[in-house]
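See structure below.
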Amino acid sequence: MVDALKAAVIGAGFIGPVHVEALRRLGIEVTGILGSSLESAQKQAAEQRLPKAYASLDELLAEPGLTAVHITAPNYLHAPMVKQVIAAGKHVICEKPLAMNTADGEELLTLAEQAGIVHATNFNFRFYPLSQESREIVQRGGLGEVYQIYGRYVQDWLLKETDWNWRLEPDLGGDMRAVADIGSHWLDLTRFITGQSVTEVCADFATFVPVRKKPKKALATFAGKELDPEDYELVEIKTEDYASILLRFDGGARGCLTVSQVAPGRKNHNAYEINGSGSSLAWNSERVDEIWIGHRDKASELMLKDPSLMSPAGRLAAEAPGGHAEGFRSTFKQLYKRVYRAIEAGGPPAEPDYPTFADGVWALRIGDAIKQSAQERRWVTV
Amino acid sequence: MVDALKAAVIGAGFIGPVHVEALRRLGIEVTGILGSSLESAQKQAAEQRLPKAYASLDELLAEPGLTAVHITAPNYLHAPMVKQVIAAGKHVICEKPLAMNTADGEELLTLAEQAGIVHATNFNFRFYPLSQESREIVQRGGLGEVYQIYGRYVQDWLLKETDWNWRLEPDLGGDMRAVADIGSHWLDLTRFITGQSVTEVCADFATFVPVRKKPKKALATFAGKELDPEDYELVEIKTEDYASILLRFDGGARGCLTVSQVAPGRKNHNAYEINGSGSSLAWNSERVDEIWIGHRDKASELMLKDPSLMSPAGRLAAEAPGGHAEGFRSTFKQLYKRVYRAIEAGGPPAEPDYPTFADGVWALRIGDAIKQSAQERRWVTV
Amino acid sequence: MVDALKAAVIGAGFIGPVHVEALRRLGIEVTGILGSSLESAQKQAAEQRLPKAYASLDELLAEPGLTAVHITAPNYLHAPMVKQVIAAGKHVICEKPLAMNTADGEELLTLAEQAGIVHATNFNFRFYPLSQESREIVQRGGLGEVYQIYGRYVQDWLLKETDWNWRLEPDLGGDMRAVADIGSHWLDLTRFITGQSVTEVCADFATFVPVRKKPKKALATFAGKELDPEDYELVEIKTEDYASILLRFDGGARGCLTVSQVAPGRKNHNAYEINGSGSSLAWNSERVDEIWIGHRDKASELMLKDPSLMSPAGRLAAEAPGGHAEGFRSTFKQLYKRVYRAIEAGGPPAEPDYPTFADGVWALRIGDAIKQSAQERRWVTV
Amino acid sequence: MVDALKAAVIGAGFIGPVHVEALRRLGIEVTGILGSSLESAQKQAAEQRLPKAYASLDELLAEPGLTAVHITAPNYLHAPMVKQVIAAGKHVICEKPLAMNTADGEELLTLAEQAGIVHATNFNFRFYPLSQESREIVQRGGLGEVYQIYGRYVQDWLLKETDWNWRLEPDLGGDMRAVADIGSHWLDLTRFITGQSVTEVCADFATFVPVRKKPKKALATFAGKELDPEDYELVEIKTEDYASILLRFDGGARGCLTVSQVAPGRKNHNAYEINGSGSSLAWNSERVDEIWIGHRDKASELMLKDPSLMSPAGRLAAEAPGGHAEGFRSTFKQLYKRVYRAIEAGGPPAEPDYPTFADGVWALRIGDAIKQSAQERRWVTV
């Protein structure tokens, strides 16, 4: 019998329970959940058969033997909560964005490093088996020199003026939206795969739905489209529904990213294509188990995820044999597997195999440049 | 805090751990695991952070407060183990095939019904969200009168003479192979969706690899292809690599199923198409989140799984919002969610929303007719 | 300047004009067209800018310098027209089926061989570039030993009781329908690719629309679905809407074919998959420029038609560079290119690179066995 | 019998013969061909069974009864040849780009208008049936307000330093390459569909293969990849292999285009997605018969080209019934069908249903802005 690992989860909305399950799949004890209200926490605790609904972060941190804390609260709470968790000496896994601005993010990174705790930013897309495999392919030179990195992350859940979510309120979600919410995932994923970082950006933003109807009672994320409109107040929207961004990378690659939350029929389409001097890779999050490997002088490949055909890194992230579907929820398990391995090993490894606060800060810094570029309508160096 | 549910799992190979995780995701305590040897059970218990590795079924059944037992041992052990579990008064979830022959299966069904326990056969394909949705579409008349039900379940993991698995040995796996292992899933799934049962069959079997090299040490399922051949013995194979089966259904539909375990490049391709007088449905297990809905007089639809567009039944089985990938492992969670709801309700419901031993027996009966038809090269009535 | 080749075309419906264009693309002069009535021929002649509308086959055959005749009239006219064309000493290209029964077909083959003319049956599917390439792949051993050949040809244009076409009348179209119209294409194509001929069949037929409404005025093929129902007479339908057929091949392969003309959303879906001991091929007629090449021990390939990646045979049939769409109409051009090359060479080559009357007779013979098998509900040897 | 229409074609490379065939399919007499040398013209004339190989443009223009001239010579010859054809009073169809610079293009447009001839620029992509249908869908409001127009046109035929073509030489092809060759098609097509014109651009160019090996003997377009390298000279390349361009449109839409001729595995991938306030459209040139119509509140559609489901405009461009493949070559036929209808009607219609020189000039003007933007690394107003 192994020693117990104990985790508590903050957030009783859509993503908190995803963390709970992922932890349990690893045999990590989840002690309880903290919500936006005691009622919501109690409801989730009952649904998830969790022992406790915490009334406060203080109560949560007082849990005996607690190893780590997962933070999935609204964005504006990330920084203060992370600080408190670090102060309590617990390891911490935080949803992205790490903070509401880069300065706050950098402070959290410094604090976490000083405390010697294990810290992670929840860039879960890296943990689809084919994301791991793509990185291996690029790193071993399978594409040759990388020329072009481009793609899009598009959704439709905020298409209508009646679609509402706390992410639309700058005080709660930040003053960028589509880029920060979903663009950041694309940027992290392509950097993870190619090893190239963005150095210059030129962005164009648009807000196609400039006024929205905010409901007078709260709605859960993604649930909005199932509800009928009732009583609303009109709210002017400043954050971007859409962005396209020209990209230059430190390794010489060029690229382009389009993000939108008003693209009808696109539910959660995070797609990249990478063209190199030798071959290409293309993948999207609506067919996570397929990767296209493009060739000039022989037939292109369409690889269905298959552990027996993959490199060790890809194989390690696979949850099932070839042809058995991998799922969104498993990426969380795979991420935490690596985080808790670091925890059991006593602290952050020299070369983490999971995204840390440093990656969270990087994403914030890129975001600053993108925002400035869109405001000033010019190229900006990161 | 809810009352504890406790389950134990038999089987430390590929699928046993999948049961363990699915139970944990539901907040059901997994007390331990029983393997083919104490060593394999201990290894799995450590990997899964499970409290116990049982030495015997007796020890497992003596676990205090145990609610239910999951059986994923090789096929020939299903019937004797199920009997012992029923005798101990525990609820039981058994992998398919329920037994090595129909008579045994019928006996198990009778015993389970007499004992009043909750019994389930692990036909997990029913629990992809789009399987549930397909059933809803057909049941509400969305296809009109069902004309044709056809498809295939094809794989490549037994392509080579050096591929070996216990399923190739009739004493352990049964005297049908491809039909029983994978054809049964297709037959159960299309019956679940259409509500039509097969009444007549005409089958053709082939064994394309008539002699195989059996390794002298055991290999885990699906792991074979990663290993180099070493020392083998030659074994003559009698069970079918391939079958095609003409089908007639009690509701008037006609159809055809092809199964193969020697189809290069097909990893786990379970595909059906259903054509009705109004519309069509097509789905396959390598793109679980997409269903094609064919129309004559308007554009056909390609529905990406999206809870907000689905019926209540489909939505209930969805693990994530639209565009977020569902996974093979979640189908087990969804199945057990319904089984344990029945357990908590005190016993089997009048109309179970999960596959029971009756479904397991049905599959065995169809299998008998298929086998006889292939042997006698003629149509056989079920 | 080369010597003139002159052709005349019989049939002013959907497919006759396709022959006209294909001939013109090759620089072959089309002298005129013969229709079911002089009016229909005149209408088509004007639309196609053709010099003549013939009033009769006699007039057509009297055309000075005429090289060859293309027959696309309704099926029951094929045999008498072919006989007359042969008697006139012209080369002949006939749409399939070659005749209404095998005996007639055999007579035509004998007559054509005695006359020394070039004769062709219009199995145009062979001339998609990827059909040619598939044949090359199989013939050079790219799949290893062929195990399984299966697929389907499904359409929806006869789904409704108000859908009508002369093919539904046994006197005009023959006493098999779906199998003869479209199944014959699939059978010819897979035989062309694999070189294996069917030796035994076991078929199941169904007529899902047993009574249809025949309009009192004639409709062009495929045009039916655009018209509103008007005045109809009820006609009992005996020919099959649907068939599934178990297949055994002379090279040891097994297989299965499903055909249907009542499959909503399937417009013209002719799909095959061939699995061998080494690799697999899959293709369908709704994505003619893509072929899937399945592998067990490496990533499968998705080859987009690209002359620069193809064998000489495949490249010769390609109409455009990689990524430029090939079309249905080009298959006719490619077929006739080979037929007229034979004509210019003075007569049929020893090994024709196009389908001859012998292929037309083969298709009729297989059809006989399939029909008998469906009637007697048993396996039949070809 | 209708009056004869006679056309002559300039260009004996890849695209000239495509014009020849398209004309013949329409029953238009092709009098002969003019090549870069008399030899190449004679070779093509023989292959195509054409009556004449012209020795000069003068000889070609002296052809009795000549109706129109098709120009497919290298880009630098377009303007002088068009002028000469206009001066001879013939109608003219010119490949894009219309000229080497905007001033020349404008002059040609003025001359053509003054002469009253029918003039066309060969933007053939508009004539895939689903391009026509997409325009209809947008024009009738099927997408609602258009928000986003984005996509890419990517190829791999210039990937390697040994790939060579006259388009790489600014004197022959112009001082932009990827944008002018293929980007212009994308820009014309999306403008045709949406009716929105680009007003501002911000572009980033890259030349990933800065030095190429020019063979000492000439190669045909697209044929390069089949040849082994022999004797080369090193040539510095200034024109872009890659461009990404941010776009603003006069109707309020935003967008982004990526073009590349160094994208391994992409043979000729011209893809757009258009998102509106109501629905979306997505299409690409490697699957010309499929269009995805995205929806938020119901299942998205995947429409296979089917005349019976399409608007009159889409149906008119369809060459075959649903499920029968349309081809690249048919788009030329469809374009010329409309051009020659205008010719027969006596001159350009008030609202041409084909692309004219005005569209050719528009494309040059957008190109100027894109080039300037890339050079100055800033937004430029068109």
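Letters are used for the chains, namely A, B, C and D, taken in the order the chains are written, and counting of residues starts over at 1 for each.
Operating definition for what follows: contacts are C-beta pairs under 8 Å (C-beta built on N, C-alpha and C of every residue); 3 or more make two chains touch, one makes a residue touch a chain.
Quick caveat, the model's predicted, so the values are computed rather than measured.
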Go through the assembly and pull out the chains touching subunit C as well as subunit D.
A, B
Between A-C and A-B, flag the pair that has more C-beta pairs in contact.
A-B
Between subunit A and subunit C, what distance separates the C-alpha centroids? Give it in angstrom.
53
Based only on mean CA positions, could you tell me how far subunit B sits from subunit C in angstrom?
41
Centroid from C-alpha atoms only, then distance subunit A to subunit B, rounded to Å. What do you get?
34
Subunit D touches at least 2 other chains through residues 225, 266, 292-293, 297, 300, 304, 308
Topology of the chain contact graph, where touching chains are joined (line, ring, star, complete, other)
complete
Residue numbers on subunit C that touch subunit B, as the complex places them
145, 147-148, 150, 152, 154, 156, 159-160, 202, 204, 206, 208, 225, 241-242, 244, 246, 248, 254-256, 258, 260, 262-266, 273, 275-280, 292-297, 300, 377-379
Contact set on subunit A toward subunit C in their complex:
292-293, 297-304, 308-309
Touching subunit D in the complex, subunit C uses residues 1-2, 5, 14, 18, 21, 24-28, 45-46, 48-51, 128, 155, 157, 222, 225-226, 266-269, 285-289, 304, 306-308, 319-330
